[in-house]
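The two complexes that follow have chain A in common; it is paired with chain B in the first and with chain C in the second.
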Partner chain A sequence: MNERANLLLELADDELILGWRDSEWTGIAPFLEEDVAFSSIAQNEIGHARALYELAARDLGTDADSLAFDRAPEDYRCTPLVELRRLEWARTIARHWLYETADAIRLEALKASGDPEVAGLAAKMDREEIYHRMHAEMWVERLLATDEGRGRLEEAVHELWPYALGVLDDGLRPGFEAIVRERLPFELPDVEPVPRGRHEVELEGLLEEMTMVRRSAPAGAQW
Partner chain B sequence: MQLTEQRVWEALAEIPDPEIPVISVVDLGVVKDVAVKGLRVRIEFTPTFMGCPALETMRSQMEERIRELGAEAQVEVVMDDSWSTDRITPEGREKLREAGFAPPAPRAAGAPTLVQLQSKAFRCPYCGSTETRLDNIFGPTPCRSVRYCESCRQPFEQFKTI
Partner chain C sequence: MIFEVFRQERKGQGFVHGGSFHAPNREFADAYAREFYARRQESVALWVVPREEIMEIDEFPDEFDLKYRRVDGYSIKARLKEARERAGKPPS
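Showing the complex of A and B:
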């Protein structure tokens, strides 16, 4: 597989799996505004995944749905941070903020890519991602404003920190680490990143659920 | 009668946005370019929000409208950075406002910021007051936020600037 297809699949898998996790708040978020927010964010992320898969599919001679739904679990290239299933608010916000912070750095690098298709798509995605970042930042601010919120956020970020460090490659990671340490008012340890390619146990359950309709109607489901 | 680009633009201007039917796909700025060669029409379509389910409908309606003109459409989706809310026409913005959707703020000053969204720079489409506050960055569709007007005490939908 060429380098570009590989990069596109990493990005697409991150956005698809995180979009799926975000959608798990639909109907059960702590209040209505967040129900709407996470559903909308999920819709955006899955929209990004689709465009990325379409571009990768052209390079690989297949189609977007096959890439999204028909691969074996071990062939997904997403970062383990997005696979985690944590239906707990502080962890959801911590992951959201850590991912969006890393993603912003990655998009900035891709916007400067010499490949006009990749650069164009990254710039288009970034227009929407700005709103995800604002939402995440607003919540970090809100949690840091009280002792209880701060304590919960700190605990959640500590738990997710090795995962967060695994989102970006060695070249981009130091920039990410510096931004996080600068923004958060608590110490974070020096730890090894959880690498891409490793998978969390809960990915399997997600894929099982996500591909259920497609597997049950191989000829194509009609609505 | 020979099919002209002008005629194609006019035909496309009759296609309503599937979710906000007060404005057309041309008002929305998603038609980037039209080229006519005999009875073949090539349309460059630059989508709005990438996860918007209305995009497929727009695309098939454009194809159908061109078929009605006796020609064949080739709609090319351009997934680059060419669409922004600044592409919505002045007429489109006015139609949005009349329908109760606050049109997007111009992007001129660069990317939007949280400070901006939390400021009083947004005008209520019902009473015109700028005494409005951000209620939710996200709304019923990807393109909208929800604001509340302190003056006429009415929640309203604000188009996101992207």
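Showing the complex of A and C:
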């Protein structure tokens, strides 16, 4: 697989799996307004995944659905951060903010790419991600405003920190780490990142559920 | 905090009340207003107003029945008829 397809799949898998995890809040988010807003963010992420898979599929001579749904669990390249299933609001917000912060750095780098298709798609995604970042930042601000919120956020970020460090490669990670340490008013330990390529046990359950409908019909069926 | 939303469907048109939602502050209100009233390109602009900032006026006493002040309060039909009769038939 060429380097570009590999990079596109990493990004696409991150967005698809995170979109799926975020969509698990649909109907049960803490309040109605947030339910709608967070579901909408989940849809955006899956939309980004689709555009990325389409570009990768052209390089690989396949189609977006096959890439999204037909690979073996060990072939997914998503970062373990997005695979975690916690369904707890502080952890959801912590992951959302950590991921969006890392993603902003990655998109910035991709926008400067010499490959016009990759740079163009990154710019297009970034125009939506701006609102995701605003949303994540608002929540962090809100949690930090009270002792209870701050305590919950701190606990969540501590749990997710090694995972968050695994989103970006060695080149981009220091920039990410600096931003997070600067923004959050609590200490974070020096830990080893959870590397991409390793998978959490709950990924399998997610893929099982996500591909259920597709597996129920013969390949190539039209919906 | 409850926010009321007024939406404009096309440039130049007036803003029409769209609905309301809860948000803890203006930043959240901005995000939620976009999601609820502009996500499907159904608005070109929004006014998002904290409900408590809206001054509501709903009592308009008219104790002395000065109905001639109202648009429909002054009937000219009878006067017009009278004037026509006074003037007689117009010359043919």
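Here is the rule we go by: the second predicted complex is superposed on the first by the 218 of 223 C-alpha atoms of A that agree within 3 Å, B and C clash if a C-alpha of one lies under 4 Å from a C-alpha of the other, contacts with A are read in each partner's own complex, and residues count from 1 in each chain.
Note that a residue touches a chain if its C-beta (ideal position, glycine included) is under 8 Å from a C-beta of that chain, and two chains touch if they have at least 3 such contacts.
Note that this is a predicted model, so its numbers are computed, not measured.
Visitor: Based on the shared chain A superposition, would you classify chain B and chain C as clashing or fitting together?
Guide: In the superposition, chain B runs into chain C.
Visitor: Once the shared chain is lined up, is A:G120 touching chain B (first), chain C (second), both, or neither of them?
Guide: The first partner, chain B, only.
Visitor: Go through the superposed model and pick first if A:M138 touches only chain B, second if only chain C, both, or neither.
Guide: A:M138 sits against chain B and chain C alike.
Visitor: If we overlay the two complexes on their shared chain A, which of chain B and chain C does A:A156 touch? Say first, second, both or neither.
Guide: Neither: A:A156 stays clear of chain B and chain C.
Visitor: Quick one: classify A:F31 as touching chain B (first), chain C (second), both or neither.
Guide: In the superposed model, A:F31 contacts chain C only, not chain B.
Visitor: Please indicate which partner A:S40 is in contact with in the superposed arrangement: first for chain B, second for chain C, both, or neither.
Guide: After superposing on A, A:S40 lies in contact with both chain B and chain C.
Visitor: Go through the superposed model and pick first if A:I130 touches only chain B, second if only chain C, both, or neither.
Guide: Only chain B; A:I130 stays clear of chain C.
Visitor: Share the list of chain A residues that count as touching for chain B in one structure and for chain C in the other.
Guide: Chain A residues touching both partners: 33, 36-37, 40, 131, 134-135, 138.
Visitor: Could you pull out which chain A residues touch chain C in their complex?
Guide: Touch residues, chain A against chain C: 31-33, 36-37, 40, 131, 134-135, 138, 141-142.
Visitor: Hey, which residues of chain B end up touching chain A in the complex?
Guide: By the definition above, chain B touches chain A via 49-52, 79-81, 83-84, 111-114, 117, 135-142, 146, 160, 162.
Visitor: Would you mind writing out the residues of chain C in touch with chain A in their complex?
Guide: 21-25, 27-28, 30-32, 34-36, 39
Visitor: Which residues of chain A touch chain B once you look at their complex with the stated criterion?
Guide: 33, 36-37, 39-41, 43-48, 50-51, 54-55, 116-117, 120-121, 123-125, 127-128, 130-131, 134-135, 137-138
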